[in-house]
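Report on the structure given below.
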Amino acid sequence: MNFDKISRRGVLKGTAALTIGSALPLSSALAKDTTVGFIYVGSRDDYGYNQAHAAGAAALKKMSGIKVVEEEKVPETDAVEKTMESMINLDGATLLFPTSFGYYNPHMLKMAVKYPKLRFEHCGGLWTEKDPKNAGSYFGYIDEAQHVSGVVAGHMTKSGKLGFVAAKPIPQVLRNINAFTMGAKLANPKVTLQVIFTGDWSMPVKEAEATNSLIDQGVDVVTCHVDGPKTVVENAARRGAMVGGYHVNQAVLAPQAYLTGAEWNWEVLYPRFVKMFTSGETIPNFYRGGLKEELVKVSPYGPMVSEAARKQADEVKAGLTAGTYVIFKGPVTDNKGKTVIASGVARGQTDPELEKMDYLVDGVIGATS
Amino acid sequence: MADPGNIGLWTVPLAVLGGAVRVSTPFVFVSLGECITERSGRINLGLEGTLVMGAMAGYGISYLTGSPWIGVLAAGVTGAGMGALHAGICGLPRVNDIAVGIALMLFGVGLAFYLGKPLIEPTAPRLPAIDFGWWSDIPQLRAALRINVLFIIGVVLAPVLVWALRTTRWGLIIRTAGESADAALAMGYSVNVIRLRATMFGGFLAGIGGSFLSLYYPGSWNEGLSSGQGITAVALVIFARWNPMLCLAASLLFGGAAALGPALQSVGYSHGYHLFNAAPYILTLLIMIVTCSPKRTLIGAPAELSITR
Amino acid sequence: MKADVGAPVTKAGVGELLRLPPFGRKFGGAAEYVVIPALALAASLILFGIFVALFGKNPIDLYFYMYQGAFGTWFSWQNTLTRAAPLILTALCTALPAQLGMVIIGGEGALLIGALCSTSAALAIPDAPPLVVDFAMAAAGMAGGGLWIMLSGALRHYRGVNETISSLLLVYIALAILNYLVEGPMRDPTSLNKPSTREIGVANMIGSIPGTDVHWGFVFGIIAALISYILIYHTVFGFAARVAGGNIRAAKVVGLSVGKLILIICFLAGAAAGLAGMMEVAAVQGRTNANLAAGYGFAGILVAFLARQNPLAVIPVAILLGGIGASGGLLQRRLGLPDASVLVLEGVIFVMVLASDTLYGRLSFFRAKGS
């Protein structure tokens, strides 16, 4: 960021000027507490997506001068607009984190236009230049952590069959499935991954059925991408399968069966954002990162994980953390035989093509529609 | 050596069988309980709330006491309490029992979510299952034949209820109250008390059905546990013609239909899984259309049941 | 409704209906209709206060925040009215068939089908002027929702299938259809992470009532409620419906075509919910996706019952329930109450209002003045 330009530019024109624009009301706010608002689409203690965000919010509560207000179970309708306004008007929130994907368009964008002096940070949204400057989106490349988890799974599976319980075939989910599979294939090129789509983000009975179906098929390592992985983890462990966690660390639910997991690291990111906000620094509108930027992390290895698995997983993790390792590099074929990434092409994590992923890589049994 | 787990397309019927047993157990209990309640002349639509309350109570008590069976009992008692509430309000003159049912559904679900907040994270001890497939080394068959104890209780309960309704004194009293309130009064019984007891019994069973969800399958407490199972069980009772054995069969059918989607996906057929999710409801509707007749709106229905008037 | 042996006949006979339309009753009767629900409401609030106190919260704080969150500031009012808007229409979906004695709880399904139909209509004529598009959307939404509930009514009339259960099953079926279409044939290819249909276009969106943040759906809801009230209580058709609802045999004897009544009323009921679906698309979301299944249909059932199935009473009750929902957020943030507390309160109110049914005609205070 070019600080010369900021001192010369006028107020509220262009991205750089946002720093001044957001600093003006803050100069009075700095004197008292900054109120940060969090909005969750589900229950805060779902052992999954929302709990990860709540953990991040909890990290903020420990900071001095920061007050946190939270509301959970807010549906992705105009109710969330009213919730945001309520937090702004009645609680004096100046920084808001609506954490569910569906809050972004049109709800958060409407609020961002209506309250140009406040800041709205959205998890998972795709901010573009057309969107308001006081809105931003951040997301973690959790597929990197799933990739490492896949490496471990590939080592540990005895049957060569892995299983994945997924909610919907959207790019973020497909990316996780593919990264996991490709990691497993590094350890064992002959593994297959069976994916079952339940149809929605939180369907405990369907998730249990899917887990059981997978294990009936001979799968012995299961992971998932649903809002609340507790059902999958517990049911898989009960059937004697091994488990890869997601969103948060579920090891306490299945201490013996838990191999490792892909977790969010919001406890590091949110304090970072808030410090930037309170010191007047602009939070970049489009913020992405993976293991390197500490937005995601890999769970500690469970007791069952073998030495060989740990070694290879650590290697891959180190490569990802250093930024030298590329998961999606060609040649990559999908499970219908088509080449989706040509040989020699390396799609780094920020490559926008990855955000449009609509295929399942070779080795995955299942279809996206 | 041949992979015993690779049985190709046979996976699907086995998975449906296993799923039928697993998914149908709450339906079995709720529909048997509602069967008795409706035989006494009252319809309890609040069983969804009762089911969820039972699930929450069962999970909580199991966690606190360390015994899943005490949890099941607690779930039953909670269900009986909800049933008593339903009967108590419906017993007042001029009160519409369908509306009360919907109200208690809302109340029960809300209360269960409210009280169950601290129960989402901990893990409670679970109910056991009996491995009827120990003789096989095909994992799918063994999984399908791993039958939980509550299901077995339910299967035994159905013919017991048939026998009880037909031959015991209580069965006769309940059926009389359901067919004609005047006749029951003439016999010297208070219709309200009979219905109170029948509704409490129905609630007791529904609570146990709920405890199955949280203590066995899916086996944990959270707020998405039930998706209308209470109400669809009431539908099952109607198209099972108020016969406990048919309630059992209908529940199994329903459970199998619900397991069809994931079973098909696991062998690779994943097109249109949303419509498979709706399969149980479509099936229920079709069967109701076929078996109901406009002449006698509900053949075999207890005459005192408000939905027949 | 059950008739207990020995209790006075409580079902309204044809004669009674001829003399006393509910809202035109004499002084004592009208007072009863307002005071008894008010008593029930007060009792529920007290009970809820006690409930919350058991968990260590101050009930006075509770009442204060409920008021502040629902009606305390202009912003709260807008929150309340926005939430009330769809509820009025989905409540009509239950209230209208109730005149016939049918209990239909399928408003959620009709809303979703209406949303799908109206979105399809908008996407089919992308180049038409906005007013035409909005009109087409409303027509399509009402037609789709109407047919959905009419199906339930038809099943009741022609096959004797209980409408409560069939309408509920249709809700789940509608949900599956919505998910299937939104993720499949109707999916917008750019809506990657949140499967949705294509947008209907900003120009076609319905705005807010000037000076407020409340969208026009609220006004349409009020109009629909008024039309329903006039239809039911001041037309021959409505009268025929109420007669059929009171006593089907008498209706048939008198020569009323019960089947036609059922089908038309069910269509109108579904049309109301379908219109709610259309408003959600046109005024809030701009497209159809899984977010539309937000429980408005089920909340509408509650509103209808609390309003004693009277279309006019639906309006204040919807506002009341909207207020309760609006205050829920504040209760979460200020008192740390879980969001389920709103459900508990609604359940308690519902139960108390239904239980208070028994007081009608039994309180001597009113009997002296009443008919």
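Just so it is clear, A, B and C label the chains in written order, and each chain counts residues from 1 on its own.
The criterion applied here is as follows: a contact is a pair of C-beta atoms (placed from the backbone, for glycine too) under 8 Å apart; a residue touches a chain by one contact, two chains touch by 3 or more.
What you are looking at is a predicted structure, and each value in this text was computed from that prediction instead of being measured.
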| item | value |
| --- | --- |
| Chain whose Cα centroid lies at the greatest distance from that of subunit B | A |
| Leader among chain pairs (count of C-beta contacts) | B-C |
| Distance between the centres, which are taken as Cα means, of subunit C and subunit B, whole angstrom | 28 |
| Separation of subunit A from subunit B, taking each centre as the mean of its C-alpha atoms, in whole Å | 38 |
| Contacts with 2+ other chains: residues of subunit C | 179, 183-184, 338 |
| Residue numbers of subunit A (touch at least two other chains) | 199, 369 |
| Multi-partner residues of subunit B (each touching 2 or more other chains) | 117, 223, 227, 274, 277 |
| Partner subunit A, residues of subunit B touching it in the complex | 3, 5-6, 11, 14-15, 18-19, 22-23, 117, 120-121, 123, 126, 139-140, 143-144, 213, 217-220, 222-225, 227, 258-259, 261-263, 265-268, 270-271, 273-274, 277 |
| Complex interface listing, subunit B residues touching subunit C | 45, 49, 85, 89, 92-100, 102-104, 106-111, 113-114, 117, 181-182, 185, 191, 223, 227-228, 231-232, 234-235, 238, 272, 274-275, 277-278, 281-282, 284-285, 288-289, 292-298, 304, 306-307, 309 |
| In the complex with subunit B, residue positions of subunit A that touch it | 43, 45-47, 159, 194, 196-199, 202-210, 212-218, 228, 230-231, 234-235, 238-239, 253, 365-367, 369 |
| Touching residues on subunit A, where the partner in the complex is subunit C | 69-79, 82-83, 85-87, 89-91, 101-102, 106, 124, 126, 168-172, 199-200, 355-356, 369 |
| Subunit A-facing residues of subunit C, complex | 68-69, 73, 75-76, 78-79, 82-83, 179, 183-184, 192-195, 280, 284-286, 289-292, 294-295, 325-326, 329-330, 332-333, 338-339 |
